[in-house]
């Protein structure tokens, strides 16, 4: 009951956050110079004054700011994120077209980073001065210090361009390939490798380091000594008693970092022409497609909030001590 | 090596002939083209939709030219040929042009193409397309019978047929778009598109690809030959080049970066042509604010021009692939006049002019500060040149500050709002000067807030009157003279410094037959293109 | 030797730790026996090596940096120092169990107490899930936890410290071990709870006849619980005697000090109580150990030159009473 | 406390021959811990070299990084240009040397903003608790749900990219972690005896916050500041990669961003600034790690 109650509170607060996100973003974006009429004129290779005025009128840009804001917020809460200036299509539709690609990239990277990182960290923690431990430290430093887009460019040039040519250079799948669903999945996986490797490098580094530190901490805990004193094998001690406690900070951070993962996705998608929300956001900035940009910011905030709530739930499932409120 | 082929003067007479009604049969290809195969085409741009009647820009026009047919088409020598129209006649006064439509030509949904559709298409284009001048002279289209469309002109229009020969004037179905909805936002510009051209729209995934299939009912004895055209949208410049090298794609039109052209010219299986862009005439220039700041003084503008080493830009920055521009009209055009002041690199002259203008060097050797904007696109033609200006103009005592714009609207807002000192820009000639050149120089086109109007705020009544005459003149020789005079005057007044013609190339797989090399390139139909041997 | 053979026998045990600047011998030359059914107290200040002794018996000395550098630990004659890891795991929790000092942190926070008790019996006795759970309830009842059927589903954080220590005891005794090591089992608990825990231990011992090693710094606890006592200082045994003998006749100055700290334990309570005594100084840090000489010498009021140079060997002063102190020689010589 | 031996315990200080029981100055102790860490020392040396390059480089290698010195895209080593030239023919070495200034300034300034906002929010929330904490932590959470890069992009877009706007944008989007950390520290320390003592003798809140608690909360905040510098440098590079930068200020991010389209022809023009960024962030994070170990009270008290 208490559990549901506090989840309910989280959801409610999430809604308030979303409202704040809407208002802030709308205000920010409307402060910027230039408007979509300029973009459309540019796309068209020039436009007359009357045309510019008619574009502004068509998109309601001639109305006072607060009116635009209220009508926007009102529509959003009815599930309508408006129409893209550029595509003249509903923003929600355009976002859903791209959402799966971004989620595929981001979640694959995140889970890869968490699982691989945790296991590297666990192995390293069992022998804190061993080779593997040093390797994890080194990996963490590399992953942390490399600019993610730079890593991407280097991988692209080294592994996808001739003469090595091991991976496709752009996109999510090859349209010219005909084949069944299985071939399609293989093709997508093939395209996914480089972007995921690039994006997960930072997080792999981060999680292996985090879980190494956390496991070292946990392995020194009294209850681990208790477990050993019971005669449990080292495997059970590490994977049953230590791991479940050791992953708690990993879970916390996985939720917190979701928004940063989106940031990384903008850069990685740009490098690999990945057809996701990141490229859409970047392009929308270039096109000053305000509704699109607002929609993406709103959506990413929504996803982060949902991810945080899920994190919260899984944290509660792992750690029975947490009963109420957020773990900070 | 890339060949530079200047358009021969023959083209000029041919154009004139074509414009005034001489009908010609399309040139038949050397070898009989083979049917079949898929062509993958790389593009950087994400199209908004595919209806070129209401949307300019190559992203829409290139697929649009495959999906929609036009009344006539142009070849690589500016000759006009029948397309959806079988033949046409022009009245002696040049005010009436009557087209006979090809029998059996159908839209993709099987409905016959009639003169009513032609009239609707023209009206739609006139109402919605930004290029008001292209069909501006057309007063109305009469439809005496379903197979005849008669264009009534307000004044003779020298470029009418040229304007009708590309995706600027697609024939769109009235029974689809005439439903009262705003055509610009019509849902069927993207979904369930009913075209009139050689290819059908199969699928569009934004930021990924456009798939077009052969239209089996395209009523033509000659093409289309390809089964499928896929436009792959790849945003990263290097990735586009690699896609061509890896044969993941076989055609790359609108290559504008010399580095890409240079790199791909090294691939054995790739051929590169500069054909297909003759009508576009993209001029890279440095625009000055002629009303405000130091550049209001013509001597300062001239000094800056002298201080810029055009050869360095062309040879070092563009790998020798762009051509010098000496005036408002691109050298490919029949109206080009090269006999004008060209401001060849001369630092002493530049310094003398600045001294004359009263701008003496200060203690740090600098005379004044100059802020240079640039379009946030085509870096080799914009950003790189703007950045080059910093060390180049430092030599004559001008401290250049490059102003970045994070996006196009920011730049457009500054320039169209006249809030700039100097800016790099690229402006297209669009075939005839009436369409693409006049707008930059007319006094009455100084329109605050409108980009690619006369944003330099240059005003010379003499230029206005010459352009007005040239716009109406139907005699080719007289027009050439008028434009020649115009080019001399603006070269002296120098509201902008024309630097170069942006290189535009198409790279294609060597086994591709009849690559798109007409004056309109890929913004004209590729129904003749075929695979001599499908690569795998 | 007319006594029955010991159940656990520690002989010449040495434990070393690698430190940043060298090796520290934290236990040296330690020997003692534990008889069946006996409660042996090990007493000393913090850092004297009591807990390390317990961990050594369990073979739980963290390795690296620690290691058992020498000696033997025999359980019914079987040398645990040389036993295989598999064998040691069979013994842990089964034949020798241990209760730790910190009930608050010694239970895994993410599993129910029932699971944690059941885990031991499932491991060592191969019980089914259901049987193990029944055993857990039975054990909870045995350690006097009310409503064990409900408690078995609870998590450690839902229990008080005393309850948790009861759970620890239940867990330790669930396989009916022959030896139970209780390392300061009540230090972290309230005084009233302490008494309850000791009562519980005493009751359980009477029922099961488990031999207990009770590690504490509190002579009072020793007096109440133990039959025999080993006094440790700085990793060494300084005195080893039956409890009554030690309380009445402590030989080592350190033992004397320890007893003096607890006034009511003094053999002849004087009318005017002497001021509470305090042993001056602190236990030397581990890196200073093993330098030769008696480690207690710096704090010893009666220290002689010899004390600072040579380590005194253990000598028997009475049956079952050993002391390591040069003063014994002096008194004998005198 | 358990009497179990703590293996990683450092030896008691043995420098003083006469065992004067005077406590060593904390910073000296920290330095000793730090200096024992070879990786951290390496980071310190590396950062010193980079900072030295930023300060002295232009004197030692007086070349205008904007001057066109040789043919564009000349490979490293051409005509004495060790790192080659970029797409305009500018000397990459000069660019790296001058660029270090802007990169370091943005890194330091953005980190400073991050830390100042973070500490301010965290300190007030952790000290005053109640509705102040509620409000401030809700604001923190608000900033945490927005993807920082997207928000920074919008901010830079809004105020046009300059060193100042970029630093502010980076600072504004990355302070949340510091705020949470500062809050946790303040929550912990405010309950300690000496703080209660200070409060009981009637010290003003501002005095307790800034003069009593903050110095004691400093160690983890210093470590977080070191990492903030690294993050800010990477952030600046990311924005530059997306062309959200000021072309009039030579920075490594600008070099990568503007050379990226040319990467197939001149890999060096992207690679070298990338390595420069990598080494700088590496140096800063090694130092951060070292500080973390040296300042960690748990480790030190052992």
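By written order: A, B, C and D. Residues from 1 in each chain.
Everything that follows uses one rule, which is that contacts are C-beta pairs under 8 Å (C-beta built on N, C-alpha and C of every residue); 3 or more make two chains touch, one makes a residue touch a chain.
Because the structure is a prediction, the values reported are computed rather than measured.
Looking at A-B alongside A-C, one finds more C-beta pairs in contact between the chains of A-B.
Core chain by CA centroid proximity to the global CA centroid: A.
Separating the centre of chain B from that of chain C, both taken as means of CA atoms, is a distance of 92 Å. Inter-chain centre distance (chain A to chain B, centres taken as mean C-alpha positions): 40 Å. Centroids of chain A and chain C (each the mean of its C-alpha atoms) stand 53 Å apart.
With centres defined as mean CA coordinates, chain D is found 50 Å away from chain C.
Looking at chain C, one finds that residues 102 touch two or more other chains. Among the residues of chain B, those touching two or more other chains are numbered 238, 242, 376, 406-407, 410. Among the residues of chain A, those touching two or more other chains are numbered 32, 153, 157, 161, 270, 285. Residues 38, 40, 46, 48-49, 55-57, 129-132, 182, 184-185, 189-190, 205-209, 211, 230, 232-236, 238-240, 242-243, 245-246, 248, 376, 406-410, 412-414, 416, 428, 430, 439, 447, 449-453 of chain B are the ones that touch chain A when the two sit in their complex. Listing the residues of chain D that touch chain A in their complex gives 137-138, 141-142, 144-151, 153-155, 157-158, 180, 183-184, 230, 234, 237-238, 241-242, 256, 260, 263-264, 267, 270-271, 274, 277-279, 281-282, 285-286. Within the complex formed with chain C, the residues of chain A that make contact are 221-223, 225-233, 241, 244-245, 318-321. The touching residues of chain B, when paired with chain D in their complex, are 237-238, 241-242, 257, 259, 262-263, 312, 316-317, 376, 379-380, 383-384, 386-388, 390-392, 394, 401-402, 404, 406-407, 410.
Listed in rising order, the residues of chain C touching chain A in the complex are 58, 60, 88-94, 97-98, 100, 102, 105-111, 119-120, 123-124, 155, 157, 168, 171.
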